[in-house]
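All remarks here apply to the structure that follows.
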Amino acid sequence: MSKKKNKLEAIDLNAYYGDFLALKNINVSMEENLVTAFIGPSGCGKSTFLRTLNRMNDYVDGFRVQGQILLDEQDIYRKEVQVDELRKQVGMVFQKPNPFPKTIYENVIYGLKIQGISDKTLLQETAEKTLRQTTLWDEVKDKLHKSALALSGGQQQRLCIARALAISPSVVLMDEPTSALDPISTAKIEELIYELKKNYTIIIVTHNMQQAARVSDHTAFFYMGELVEFAKTKTLFTSPKETRTQNYITGRFG
Amino acid sequence: MSKKKNKLEAIDLNAYYGDFLALKNINVSMEENLVTAFIGPSGCGKSTFLRTLNRMNDYVDGFRVQGQILLDEQDIYRKEVQVDELRKQVGMVFQKPNPFPKTIYENVIYGLKIQGISDKTLLQETAEKTLRQTTLWDEVKDKLHKSALALSGGQQQRLCIARALAISPSVVLMDEPTSALDPISTAKIEELIYELKKNYTIIIVTHNMQQAARVSDHTAFFYMGELVEFAKTKTLFTSPKETRTQNYITGRFG
Amino acid sequence: MKLTEKIIEGLLWLSAAITILVTVGIIWVLLSESVAFFSEVSVIEFFTDTEWTPLFDVKRFGILPLLAGTFLTTAIAIAVALPIGLTIAIYLNEYADASFRAVIKPLLEILATIPTVVYGFFALTVVTPFLQQLIPGLAGFNALSAGMVMGIMIIPMISSLSEDAISAVPKSLREAAYGMGATRLQTAFGVMVPAASSGILVSIILAISRAVGETMIVAIAAGQQPRLTLNPLVPVETMTTYIVQVSLGDVPHGSLEYRTIFAVGITLFIFTFALNNISFWIKKKYQEKYD
Amino acid sequence: MTNADRNRLKDKAFQFFGIFCTFIGLAVLAVFLIDILIDGIGRIDWEFLNNLPSRRAHRSGIYTAWIGTLWILLLTTIIAFPLGIGAGVYLEEYGKKSRMATILEINIANLAGVPSIIYGLLGLEIFVRLMALGGSLLAGALTLSLLILPIVIVTTREAIKAVPRSIRDGSFALGASKWQTVWYQVLPASFGGILTGVILALSRAVGEAAPLIVIGALAYVPFAPASPMDEFTVLPIQIFNWISRPQAAFTTNAAAAIIVLLVITFILNGIAVYLRHKWQKRIKW
Amino acid sequence: GPQYSEDADFSLTGSISIDGSSTVYPITEAVAEEYRYHAPNVRTTIGVSGTGGGFKKFSRGEIDISNASRSIKESEAEDARANNISYLQLSVAYDGLTVVVHPRNTWVKDMTAAELKKIWEPEAQGKITRWNQIRPEWPDQELHLYGAGVESGTYDYFTEAIVGKSHSSRGDYTASEDDNVLVQGVSTDPYALGFFGYAYYEENKAKLKAVPINDEDDSNGAGAIMPSLATVKDGTYAPLSRPLFIYVNSTAAQKQHVVDFLQFYFEEVPELTQEVGYIPMPLEKYKQELDKLKAFVAETAKKP
């Protein structure tokens, strides 16, 4: 499909919540420095799959996976993998902006602080760099030590992205990052995604098909726990192979 | 727009929750024996408007309206109107089926019972009649005295409609009556709506534009508390006058 | 890193496990002393004899008089608290607007925060003299005024737990009733209260349990005479008062008299334990229903 | 009169009855408070707060009692606070759905319903006799700590529960461990709620008399305790003692001491309400 | 802070634990309170366990001084010996055990010792429950009894004097070691009958009515006799007059602050006795008691 390197790869992946099979035999690879979008109706397993990619579901009772997830060709579900190390490589941004109820500055450097980094200059430089990357710097530089909760929803979400970037991940997972935002903030984040893909591999879940079409290089369509179709975004939206995909993108259900 | 009689009419209607203006200067009339659909993105005020039509928001703290709502040319917000009388004329069906935790029979006759009617035969006749009207009779006639909670979601919703019809209203308000139901139950309810409009004036809120297109005669599009466009359903979906309507029905937002 | 995590988790586990230790401690203390007690006094005598004079020469170990005293004060308290508390719950939920509720609920909660010695003081110095003017022959220590004051104390318990139960009923049910033209009263008693009945029941059971275990009010105002009677006008003794009475008298450790307070204690414990478990179980059941 | 009219009338009637019931509790409360104020306020002065107990009512003060109460508050906080929070954190964040957690939960619910006097019996056997602490402050504080532990645990859990899942997710996603997430995010975010609960629990402890009577807190302690091993008395016990005296002057003393006790209780509750309010305002998820 | 008298002795330190009789309590409490001004650093605690309760602790060596409204029993003395405890009994005052009713009780003018026995003996339990069972002309009303608890010396003394056997009575009455509770009970209950130490009556005269007692023995005063300073002193108030005591532990008697306290006790007690409502002994009697104390202290000091 393309010649880039596979950053992440799922092989024969099944995922269960207790007895419920939420993901059925998923095989897919996500390439480096591209944006991959997951679409599909509510409850189809998009978020579940996304969260297996950095093992965020580890703490969910009764959740377990079969099969493999390879990150740079290494299975992330091996025994010896430390989840905290994994998550430093695979950052995540959530549907609702979830800044910590602390200052903006503390939010950005949180990931570094818990790694035990206390070098002031380093922390400040990183904070500035990532806030610039997320185009927030000019908006917040005067209130770095004010509560992050006072920011607007869109700013909060960019702060959450900045926070994720501060620990220098190579992959960023985004679960409907704009669904709680207004159109203007949404546009800003979409731009940002476009910028970020130069340096990061990005995987985004979205409900909004137009958004998938706009920002992603590849799109995966999930339906009831199955990966129905995976293709270049253009191909998938213009000439889907499967009727279910077809029905979905024309608004027949969902 | 048509020659039927105006059953319900809103004149310069504003509605507030405390200081928040939820409905802005709404003017619209709903004609007798037709189905009028309200569509619009989440939070635009559809439900609020629907609930002003039988004063369901009376007990909501801080809620107040300005302007008039005429039912058969009489303002329902006049001092001397008794809300219980009003609600006997304007029945309501809700988003989630909400049968009382009682038997099916008790559910249907509840409205009559609280009016003090205790004539057994009359109650039984009404129950049977309305259950037949809602095509439930054959499904439930053997378990009339079993709990209504044991019914399926679609049956429960039809029971709720039956319950509303039992007190012989002339208008039935429905707030997303199928959004919690599966496609088959949805189809049944849509059919039912089609049947009912012979005898009742029906006003329905829906998120599903296809549904509005299928069941309604007129459609009103709300956006951020305003009534943006009101027209024959066909006209509105095929040649909307307003760009906001256009954007919405083509899925640009919402 | 991993090790500190484990140690911390262990410490946290330990603090949680201490609560088990407390329960075990309570049961062990009550059991060990009462086993010694029941080796000298038969259980049958304990539950059937109609007189309680363990401290006297003619020793009788029938707990019935103490049970009667406890039952009497509890019944009076519930008779006061239940109608008032439930009405308040319905009124606040169905009629009052949010701002009124926001003011009244914390005010009512004050009733529950007042130390019980204070209630005892009222019962003895205000309520009893007042009642004596209405009821000639009312003894200075009596079950009536102690029970009534205890009832006042547990009003907020019934009202707020019942209110919670009524609020937990899905709003859609209320709307359904309103939508059919029901009045608020019809909605409240025809739909909300029946739907919340298990929660209301829980509130009543917990209130009973509270009243059964209440000590200072009855110790101060209800008297100290074990008496097998349901007459609310004379001094009675509850299980809790008996324990206080003996504690004040400082009966020496290890004697049969000393063990009586544990025999009474375990009886009290079993009663409240049963009530609490019933309520816990009902609550679990109805919570599942709504989730 | 039609049926509908009758229904509306009943509706109105119940509304008035509801108002009546709501206010009767408050009216009784008001009568109580006013009565107490009339009885006792005149008795409160510097001397009263500063005098040792005496056989003469007018010379008798609550010095030892309120010092004892402060000691009890302090010791109970030191004991119950860390234990309660630890247990609450464990149950909410660690032991979520394990069998052990279910047992603990039922157990705590049960403990919360055990009458306070039973805790007195526990304290009497374990702390007073077995650990030979006698009727000391420490024995009293340990007893009361166990008594309020369930309240602290339950309120801690509620406060922790109120911290949205998304905050934890945010922290985990940045590579934080469980304890780091708890320590840096969950506890700070729920601290207001926890503190509120602890203070409410303390206000309960301040008013308890029964368990302390059972463990043998003395009536006549004419000196202020100076160490946790000293014998003591507290306000509720001093009040109980004065109430049981028939002379009117001691009743007045009791009323005055009640005012002091109520002031302490109300201050604690007030702080709790204030904190809760402030915290709710500060953090809007 | 607490005040001190001018000649306060701050050098004396230590603690004194006292327990026992509630009847004697007011006297010892008064002394202890005055002593506080005199020796502020001596910590005195006084419990009210009743005479019996006090002796139990005393004979285990748990307390320094025991208040008692009766003499130590042989069994209690044996316990003390078993624990190697020697002690000294000192008389401190006289008491007239007073039988009381509610002030609105119009029918009781006097009672005989025999009538009291009929009410209080064990056989009365559950049977003698109405006033007219005592004298037929008294009203047909429930009889509510209030009396000393079993740990109290008053109980022992009363049962001994009235029932004829110490520690033996009916059990279905409001029994409390704390006489204040009894005062409150009787003073608020029109159908009450109770008994307790004279001081508690004296202090609450307005709310109580004392009952003259006829021992039907004219040799010590004819007819029913009211308890009072005079009738107790001259012995005509019989059979319910009695002496009150304190008991001192020998180990405690070697401690300077305890001795100082006891000396203070006997200097002040004649006056304080009267103040709290009991009947003081003749002054020379107090002198004798003080001498006994001194001798006891000297003697115990010699022992190893």
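Letters A, B, C, D and E mark the chains as written, and numbering starts fresh at 1 in each.
Basically, a contact is a pair of C-beta atoms (placed from the backbone, for glycine too) under 8 Å apart; a residue touches a chain by one contact, two chains touch by 3 or more.
Since the structure is predicted, the reported quantities are computational estimates derived from the model, not experimental observations.
Undergrad: Taking touch as defined above, what minimum step count separates chain C and chain D?
TA: Step count on the best path from chain C to chain D: 1.
Undergrad: Counting one step per pair of touching chains, how far is chain C from chain A at the shortest?
TA: Minimum number of steps from chain A to chain C: 2.
Undergrad: If chain A and chain B share one sequence, what is the angle of the rotation that overlays their CA atoms, in steps of 5 degrees?
TA: 175
Undergrad: Which chain pair racks up the highest number of C-beta contacts?
TA: That would be the chain pair C-D.
Undergrad: Would you mind checking which chain's C-alpha centre is most distant from the centre of chain A?
TA: Centroid comparison gives E as the farthest chain from chain A.
Undergrad: Cα centroid separation between chain B and chain E, in whole Å?
TA: It comes to 84 Å between the two C-alpha centres.
Undergrad: Can you work out the whole-Å distance between the CA centroids of chain A and chain D?
TA: 47
Undergrad: Based only on mean CA positions, could you tell me how far chain D sits from chain E in angstrom?
TA: Spacing between the chain centres: roughly 39 Å.
Undergrad: At least two other chains touched by the same residue of chain E: list those residues.
TA: In chain E, residues 47-48, 178, 181, 184, 187 touch at least two other chains, as defined above.
Undergrad: At which residue positions does chain C touch at least two other chains?
TA: Touching at least two other chains: 124, 183-184, 186, 248, 250.
Undergrad: Enumerate the residues of chain A that touch no fewer than two other chains.
TA: none
Undergrad: Give every residue of chain C touching chain D within the complex, in rising order.
TA: The contact residues of chain C facing chain D are 1, 4-5, 8-9, 11-20, 22-23, 25-26, 29-30, 33, 83-84, 87-88, 90-92, 95-96, 104, 106-108, 110-111, 113-118, 120-122, 124-126, 152, 155-156, 183-186, 188, 206, 209-210, 212-216, 219-220, 240, 243-244, 247-248, 250, 253, 261-262, 265, 268-269, 272-273, 275-277, 279-280.
Undergrad: Provide the residue numbers of chain D that touch chain A in the complex, in ascending order.
TA: Result: residues 96-97, 164, 166-167, 169-178, 180, 184-185, 188-189, 282-284 of chain D touch chain A.
Undergrad: Give every residue of chain D touching chain B within the complex, in rising order.
TA: Against chain B, chain D makes touches at 3-4, 6-8.
Undergrad: Which bits of chain C are touching chain B when the two form their complex?
TA: Listed in rising order, the residues of chain C that touch chain B are 97-99, 170, 172-173, 175-184, 186, 190-191, 194-195.
Undergrad: Using the touch definition from the top, list the residues of chain B that touch chain D in their complex.
TA: 82, 84-85, 114-116
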